[in-house]
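Paired with subunit B in one complex and with subunit C in the other, subunit A is shared by the two complexes that follow.
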Partner chain A sequence: MKPVIKGSAYVLAHVPDLVRYGSKPYREIEKDPNLLPKIEKNLRRFLDVVAYPPNQVFIGNLTPDELRNIPQPWFENKLFSASSCGNFGEIVGENNFYGVLKLADANGYDLVWIENKFLSDIKKFGINIFFDEQSSQKMGEGKTIAEIQEKLALGPRMALPLFHNEKLIGCFNRSQDPHAQEDEALGPHPLMEGLAAKASGALALKHLIEKLKMSPEEIDFIISCSEEAVGDRYNRGGGSLAKAIGEMCGCINATGPDIKAFCVSPIYAIIVAASLVKAGVFKKVAVVGGGCLAKLGMKFQGHLESGYPIIEDTLGAAAFLIASDDRKSPIIRLDAIGKNNIKNSARQEDVTRAVVLEPLKKLGKRIIDIDKYAVQLENPEITVPSKTGDVPKKNYDMIAGLAVLNKEITPQEMAEFVKIRGMPGFAPTQGHIPAAVPYLGHAIEAIKNGGIKNAMFIARGSLFLGRMSQLHDGMSFIIEKNPKQKEAKKCLRKKRP
Partner chain B sequence: MLKEKKAIIFGERDEIPGLSIEECLKAAGVKQEDIVFSLTECFV
Partner chain C sequence: MSLEYQKSVKELAEKYGPENLVVVLGFLDEELVEIYATTLTLGDPSYSGSLAGVALRLKVYHILEPEVKDQIPEVVYQEQMGLAEITTGQEKIKKISKMLKEIREK
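The block that comes next holds the complex of A and B.
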């Protein structure tokens, strides 16, 4: 039973008024409250976010190769005919996202309070994949501004204000139950991070289910690869986002865990999902990653210094379905998984050999036998102004360098190798989300329509950030054209008179 | 050139990790005890 990647969905939630709660802006505004107006002044409008070329690639309306032909800075070369609806998902506006956040809080914890009129407008005018006749009831009742202000007067340990267009429209509360009052894991900030991941992850999974025209009840198992570590004081990072997201999407026949491995999480999750399908344990496994609120505005200082708008203003989310062979979707080669073992050094070359060369050797293939490499796909327009460089370019140069050492290409052919087999970064710096998998949707389409025959997905994890080890992580997998797709066509030809 | 110098190392995940810089410095004659600080960070 060969596992296949049946589909993928991607969502961006434009949340400029939540940028202040990103880890970096939150810490810097605490030190210097005068920063807040500067940040607000440099946030983008929804239309600018929709028209931003990398975002159009993320939701599937533009290919990575097409993005390469658009001159930078991309924020100055907007696509004015762009749509917020994409082939792979959508870009959600902030008011609608608050509505989804409210739905994500419909478990009786009463974490999100929204002002009466604002909530009523979302119920009346909001357009979103989650909004239907029942959603108004599920969102519950709004609050008066006086009630919200009374809550906020208790201070930031108890509630944080929520804004839209810089106007107070609600608050995010500490968990109300008595035992949570001394639990910093259940304070408003970590809970907001968790609920934002749940809401955005659920948006991606819902889009995936709609796109594949399937019932949510068909999904057997869900793995979350979201960055957020949900839990209480005794079990920080304990988990539950997978099941919470599944519950929100009506996947009543599924259960599932969260896989945590820094940026490598999506690769681990897809490999585990594919293994479960291959072993016959489950038939349809969803992998979902919600957005990372902590990373909003992470590089805002570099953007302000360079005269850029603050580009990290969206939560990015993604969802994938791995299923048993359908004779048409690309197969996942579980016999050629790349992994950076504990014994390996942290040298870039060694890590790249482990995740690129070793799996190819298992298949008797060379580096140039892979048509496209997807690496860490952070948008360089976010990272270059903050002097952290073009991350995909660095990774592609390393792979091309290995191809030179292997005598597969000459040093003069490196640039062409990177151009043909690589791509520009187009994903928001949303933790695990940029880890190669933003290209999966494009790869599935390109493989199905014959544009490419295979692709390798490589992610690298900064395990050292947790201070438990100095190790680097790395994993990769290869997808390729389903051989039965070809066979099916051959059979069809034979049947023709 | 580097003998008897103290070293403070900041490595980067997508470029040269701290441990690799340590190895280079040691090969150039820096003693382990003179590497007073070494860290690798991820800047994305």
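The block that comes next holds the complex of A and C.
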């Protein structure tokens, strides 16, 4: 039973008024409150975020190769005809996202309070894949501004203000449970991070289900690859996002865990999902990654210094469905998984050799036998002003360098190799989200329409961040055209009289 | 260059004598190479660390410079530095080498 990748969905939630709760802006604003107006002044409007070319690639309205032809800076070369609805998902505006956040809180915990008028406007005028007649009821009742202000007067340990267009529209509460009053893992900030991941992840999974025209009840198993560490003080990072997201999407016949491995999580999750399908344990496994609120505005200082708008103003989310062979979707080659073993060094070069060359060797293929390489796809417009450099470019140069060392291409052909087999970064810097998988949707289409025959997905993880190990992580998998795609057509021809 | 690095280099220079030390850099960022080489040769240009006003005049090279490459067996160099040499490109290597040569001669 060969596992296939049946589809993918991507969502960006534009949340400029939550940028202040990103880890870096939150800490810097605490040190210098005068920073907040500077940040607010450099935040983008929803229309600018929709018209931003990399975002159009993320939701599938533009290909990565088309993005290459748009001159940088991309924030100055907006696509005015762009739509917030994409082939692979959508860009959600902040007011609608607050509505989804309220729905994500519909488990009786009463974490999100929204002002009466604002909530009633969302119920009346909001447009979102989650909004229907029942959703208004699920969102519950709003609060008066006086009630919200009374809650906020208890201080940031108890509640954090929520804004829209810089105007107070609600608050995010500490868990109301008396046992949680001393539990910092259940304070408003970590809970907001968890709920933002749940809401955005659910948006991506819901889009995936709609796109594949399937019933949520068909999904057997869900794996979350979100970065957020959901749990209480006794088990920070305990998990449960997969099931929480599945519950919100009506996947009543599924269960599932969270897989956490820094930026490499989506690759691990897809490999595990594909293995479960191949073993016959489950037929349809969804992998979902919600957005990372902590990373909003992470590199805002570099943007302010360079005169850029604050580009890290969106939560990125993605969802994938791995299923048993349908004779048309690209297959995942489980016989050629790349991995950076514990014995390997942390040298970038050694990690690249392990995750690129080793799996190719297993298949008897060369580097140039892979049509497209998807690496860490961070948008360089976010990382270059903050001196982190062009991450995808560095990765592609290294793969091209290995092709030179293998005498597959000459040094003069390196630039062409990178152009043809690589792509510009277009994903928000949301940790796990840029980990190669933003290209999966484009790859599935390109493989099905014959544009490419295969693609390799490579992610790396900085394990030192958790201070448990200095090891460097890396994983890769290859997808390729389903060999039965052609056979299926042949069978049809035979059946004709 | 971090204050911690400056302190360690100063201590090493005091222990072994600056004339007995050679520094080999591995950064590929030209700006960083210049800052490190200047600090280790002429002192901390930002006047904030232990090397402020201290011109150790250490000999600073880059691992990709021919002067260093020629000291290493070809097989070992290719195994360890072959890919870095290819991805950096000869043009950038020459630029870094020229910059470091000028700093060494100051």
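A few points about this structure:
Rule of thumb we're sticking to: the second predicted complex is superposed on the first by the 491 of 497 C-alpha atoms of A that agree within 3 Å, B and C clash if a C-alpha of one lies under 4 Å from a C-alpha of the other, contacts with A are read in each partner's own complex, and residues count from 1 in each chain.
In this text, a contact is a pair of C-beta atoms (placed from the backbone, for glycine too) under 8 Å apart; a residue touches a chain by one contact, two chains touch by 3 or more.
Computed from a predicted structure; not experimentally measured.
Of the two partner chains placed around the shared chain by superposition, subunit B is the only one that A:376 touches, whereas subunit C remains out of contact. In the superposition on chain A, A:250 makes contact with neither subunit B nor subunit C.
In the superposition on chain A, the chain among subunit B and subunit C reaching more residues of subunit A is B. In the superposed model, A:156 makes contact with neither subunit B nor subunit C. Shared-chain residue A:346: touches subunit B; no touch with subunit C. Using the contact criterion defined above for the overlaid structures, shared-chain residue A:231 touches neither subunit B nor subunit C, since it reaches no partner. On subunit A, the surface touched by subunit B in one complex and the surface touched by subunit C in the other have residues 389 in common. Those residues of subunit B lying in contact with subunit A across their complex are 12-20, 40-44.
Taken in their complex, subunit A has these residues touching subunit B: 262, 345-348, 376, 378, 383, 386, 388-389, 391, 394-395, 429, 434, 460, 462, 464-465, 470, 472. Listed in rising order, the residues of subunit A touching subunit C in the complex are 349, 389, 397-398, 400-402, 404-405, 411, 414. Subunit C makes touch with subunit A in their complex at residues 29, 82-84, 86-87, 89.
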